[in-house]
Amino acid sequence: MGCGVTGMTQTFRKKRLEIIVEEPILNRLTDALIAAKVTGYTILPTLGGYGSEGQWHRENALSRAGQMVTLVCILDESRVEAVLSAAYAIVSRQVGIVTLSDVEVVRPELF
Amino acid sequence: MGCGVTGMTQTFRKKRLEIIVEEPILNRLTDALIAAKVTGYTILPTLGGYGSEGQWHRENALSRAGQMVTLVCILDESRVEAVLSAAYAIVSRQVGIVTLSDVEVVRPELF
Amino acid sequence: MGCGVTGMTQTFRKKRLEIIVEEPILNRLTDALIAAKVTGYTILPTLGGYGSEGQWHRENALSRAGQMVTLVCILDESRVEAVLSAAYAIVSRQVGIVTLSDVEVVRPELF
Amino acid sequence: MADIFALAGQNLLSPVVLFFVLGLAAALAKSDLAIPEQVAKTIALYLMFAIGFKGGAGMAAHGLDARLVGALVSGIVLSSIIPVVAFTYLTAISRLPRVDVAAVAAHYGSISIVTFVAATEALKTLQMSSEGYMVAVAASMEAPAILVGLFLAKKAIDGDGPKNGPGQGVPFREILLNGSIVMLIGAFIIGWITGADGLAKIESFIVSPFQGVLCLFLLDMGIIAGRGLRQSGKVLTLPVVIFAMTMPVVGALIAAPFGWLVGLSAGGVALLCTLAASASYIAVPAAMRVALPEARPSIYLTLSLGVTFPFNLTVGIPLYNMIGTWVAG
Amino acid sequence: MADIFALAGQNLLSPVVLFFVLGLAAALAKSDLAIPEQVAKTIALYLMFAIGFKGGAGMAAHGLDARLVGALVSGIVLSSIIPVVAFTYLTAISRLPRVDVAAVAAHYGSISIVTFVAATEALKTLQMSSEGYMVAVAASMEAPAILVGLFLAKKAIDGDGPKNGPGQGVPFREILLNGSIVMLIGAFIIGWITGADGLAKIESFIVSPFQGVLCLFLLDMGIIAGRGLRQSGKVLTLPVVIFAMTMPVVGALIAAPFGWLVGLSAGGVALLCTLAASASYIAVPAAMRVALPEARPSIYLTLSLGVTFPFNLTVGIPLYNMIGTWVAG
Amino acid sequence: MADIFALAGQNLLSPVVLFFVLGLAAALAKSDLAIPEQVAKTIALYLMFAIGFKGGAGMAAHGLDARLVGALVSGIVLSSIIPVVAFTYLTAISRLPRVDVAAVAAHYGSISIVTFVAATEALKTLQMSSEGYMVAVAASMEAPAILVGLFLAKKAIDGDGPKNGPGQGVPFREILLNGSIVMLIGAFIIGWITGADGLAKIESFIVSPFQGVLCLFLLDMGIIAGRGLRQSGKVLTLPVVIFAMTMPVVGALIAAPFGWLVGLSAGGVALLCTLAASASYIAVPAAMRVALPEARPSIYLTLSLGVTFPFNLTVGIPLYNMIGTWVAG
């Protein structure tokens, strides 16, 4: 767990996991994340996008089948491996973009 | 203010502040950010999430009480300390996830 | 293309481009990104924000004119220059916030 | 007694209540049935629009009633007294922290406009009329309870700086000018100004489809209540359940003499009792998150939406109608 | 034959079909016309609400029909047989991978409730009545086809571990308790319980504006179908188009004897044929993304929504009405 | 003169106008009252649906009128002339930059369909009829003004490369095929094809609840206008306010002789004047953000939505009705 000081407020280094995933498998993904003991996550809606299958737009989809959502999860570096492989097991057969980046937080005990 | 060169376009290092916060206190948070002289921010909707209180979903909430939003603010490193402590004063009693990360921008004068 | 190892899973360094842009020019921007050969992008809705013109909120806008969206694009470092200048050509006359950051991915062949 | 059961039975088998039950069952069975958020918000505004406008048009039809002022004062007094009663009662029978008790008390002093709407529909089925201005009384009862609740909470939290204490930073403007209240009062005034003519113009929007729309809204409330119960059902210890199922009756019994004193019609007394008996789950929770974030939503929302609302919808409303008939019939 | 064309012509010039065509044209011309997502979802729920409630109220009016059980069993059997037929047929005439063929088969065995709604409206125009419980039959036909489709896909994919194979992890609860089905069956039961009284209360919400709302929904379906065709039109080789335009008729012809055996009315047979002929584009695609992600949505959605739905809406429904009249008229 | 005031007074006390005022007041008082975005978009589409369909059904009822072509040509000519007049006028009385003046001119040459809808309702109250094809005239007036406005802006910006100059990259397809226009014209054609029969089928969706829905929409427009004024009220210098309150009358006076020449009915002239007098705040702003981003939305939106729309809604429409009666009565 790295840490830094921005001015006077001390900050701690954590990881930010961002997963863009199809809505029909969201429940399965979140179950896996909870099983992998993340402390929390947040889901953002998605309007549309473009990928190997071309462009899509939320308004074109009658069913949840064509919809994607974005999941953001702040987690401690020590959890990354377990969470990443849990997530990967779910999204590997489906459409899903998984990225990881560095962030700093103020309250490290939350993650 | 760090700076880098990506190919030919020169880029400048700024900070990206991301705050996941309850909607009822959003007004108070944005007032505080404006008072702390941010040059701008953008608010994204949130569909649901999971945290210490369990799972929640936007559609379950009749009132704004159960809703969260995500605020993104790109700012100069020199402002981070002031903005962070202004934001922290607001979200400390409430539910709120504050993260900070590095980004590069093309037009540094905007932030 | 940098690369790292998080526990056992090998990860590869890519770039995350985030563009906050007015909806009326979104089509033009995505056309330019596709022409610049991005492998994909995802668009997120935006609720409101604050900038040089003051505060705005999605519910205040009758037409698409006042609306903004957030576009996220994960891309390889080698594409950054081309994509950045394509994007910049579109958003330079309009309102638009362009940021770039580092991320790690598991499946590098997708980007 | 038989009457109550007959009325309650009839009420229980109305589409409105059955759709609430459907929503509750769907949520408990983990179905993904849901009314999309923006539509649910619009339906809530539609209900305010319709009930406000009809109330105003009713005022226009029957002339300004001298009892209006008395009814408004009663509403404000009830909304200030009931939190104190609720606070004392819940403190006595449960071991909840004081701050949670204060928050719950604020919810029971304030009102649930959907319960009010359901009561109005039930009166219509019984062909009982009521004063149009009861809509304004409903609006007047929303805010006072919040202030009293925050005052009760004040002593619970010490050591906080003046900036962060409960009641500090309470968003008065937001409470008084929240969208529902503005819609309700605004539509009431417009209904009053335009009267029967105005009502004729928009009748097929706000009168004919009203019950159907209400079914859809109660379906959604059932879903939300059901999901809330699944999530936070564990907070429902016996004492708090007893509180949530008896406090409405206590509130109604406190309200009845006020209705009698003011001289309201049987329908008017029934509605005043319903308002007193109902607990907020829209405006007050939002205010509490700002002014009293230490109080737990899982407690106040589960009580007001998960227990008291269904209680009022099924058993309470027929009971308050009987009280109205006894007192003023 | 002339009759079919007359009926089809009349059907083609109904507002409902013309709004579908408008949506299709708008999408093909790249207009940004669109019904916002949350509203479209609500309209879909509204249609379930209305059709379910009316079906239930119809049941209440005509008493419990002994043929109900026969009709339900027929629905389940049809939903299990048709995927096999569709799988064999499509394998024979196209070179699609087996996993795609299986997914398509599941869609054609399952049903499109909007096609059912449109058929009900067409019957109303022809003043033909039908059994209220056909709504329940529709609900019973959604799930079996998914299981059969996954079973057919199973052999297509080998070497996958048990955790990831098709049919593994199929979300049964989500399929059986998806929002549309719960709304449909829930409203059916409430309509049955409250009967004519209940219907009278909410008639001006679910009966009078129904056709207009349906126009709006079909406009949206036209838009979605049009955008889908623009996006994935290239998958439409001649063999698959032939499949998508003949398979509905095959399904209807398989269903007709069942309707006759059970003893349904002409309208009932027409609806059973319509259900058999229709292909899912809401519930089944979502299930396939979870249980059979290897199958391509561009294929199954383009066939069911882009070809079969318009075919049924324009030519199919009048044809199935004739079949109903022939079989049971 | 007394007549105008009587008419305006009557108009001012209609529910539709009062709900606009309610929205305006709520926004100025910083209430959070708002119609959710997706619902507001749907209501806008509903208004196009209803007004288009009724126009088309009206055409079907009265036969194809030879004056249709004349009316369409008048619309296009007016939409091309008015921006030039507005440009000259606003340049003369204000010191706004040329690019802003050009953008404003485009807005005033184009039309506000909601103003048109409100005028149609006002005619109905006065029992004046109008030509169904005025809907098509409205559609024809949307685009020409944008082109003229961009042409006027062209000289204002020099030195830009050809790629970025104003008018370059103007999204013609998007302007002509924007959702509202496609809905309006599509519904018009479907109404024309299906005529009285079609109207009968969907009447209780598009006719009976229309005024009520319009109230809700105008409430939302009041809110948006109010928030805009709070935000950008500072741009309202005396000269531009004078422009925004007199330009509509100028437009109407230019239109009146056209209506007379074409031989429109009194109601038709009133509507043509209303179209000429109204200023766009939906389609044109979106086009300007793409083709002329240098122009400031705070100026053109504040003028068209914050000043001209309320002016037309309250004072303008009764005035244009009088002009119609004078010219063709």
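Structure notes:
Which chain is which? They are A, B, C, D, E and F, in the order written, and residues in each are numbered from 1.
Assume a contact is a pair of C-beta atoms (placed from the backbone, for glycine too) under 8 Å apart; a residue touches a chain by one contact, two chains touch by 3 or more.
Note that the structure is a prediction, hence the values are computed from the model and not measured.
Separation of chain C from chain D in touch steps, taking the shortest path, is 2. Relative to the C-alpha centre of chain E, the farthest chain centre belongs to B.
Comparing chain pairs A-E and D-E, the larger number of C-beta contacts belongs to D-E. When chain centres are defined as mean Cα coordinates, F lies farthest from chain A. One simple way to say how far apart two chains are is to compare their mean CA positions; for chain D and chain F this gives 41 Å. Chain A and chain F, compared by their mean Cα positions, are separated by 46 Å.
The set of chain A residues that touch two or more partner chains comprises 44-45, 55, 101-102. The residues of chain E that reach two or more other chains are 34-39, 174, 204, 208-209, listed in rising order.
All chain pairs that count as touching, in label order, are A-B, A-C, A-E, B-C, B-D, C-F, D-E, D-F, E-F.
Contacts from chain C toward chain F in the complex involve residues 22, 24-25, 27-28, 53-66, 93-95. Per the touch definition, chain F reaches chain E in the complex via residues 37-39, 41-42, 45-46, 49, 53, 173-174, 177-179, 182-183, 186-187, 189-190, 193-194, 198, 201-202, 204-206, 208-209. Those residues of chain C that touch chain B in the shared complex are 18, 20, 44-52, 55, 68, 70, 80-81, 84-85, 88, 97-102. Within the complex formed with chain B, the chain D residues making contact are 34-37, 40, 44, 164, 169, 171, 174, 221, 223-224, 227-228, 231, 281-283, 285-290, 293-294, 297-298, 301, 305.
Taken together, the chain A residues at the contact with chain B in this complex read 6-9, 11, 14, 16, 30, 33-34, 38-45, 69, 72, 74, 101-107, 110.
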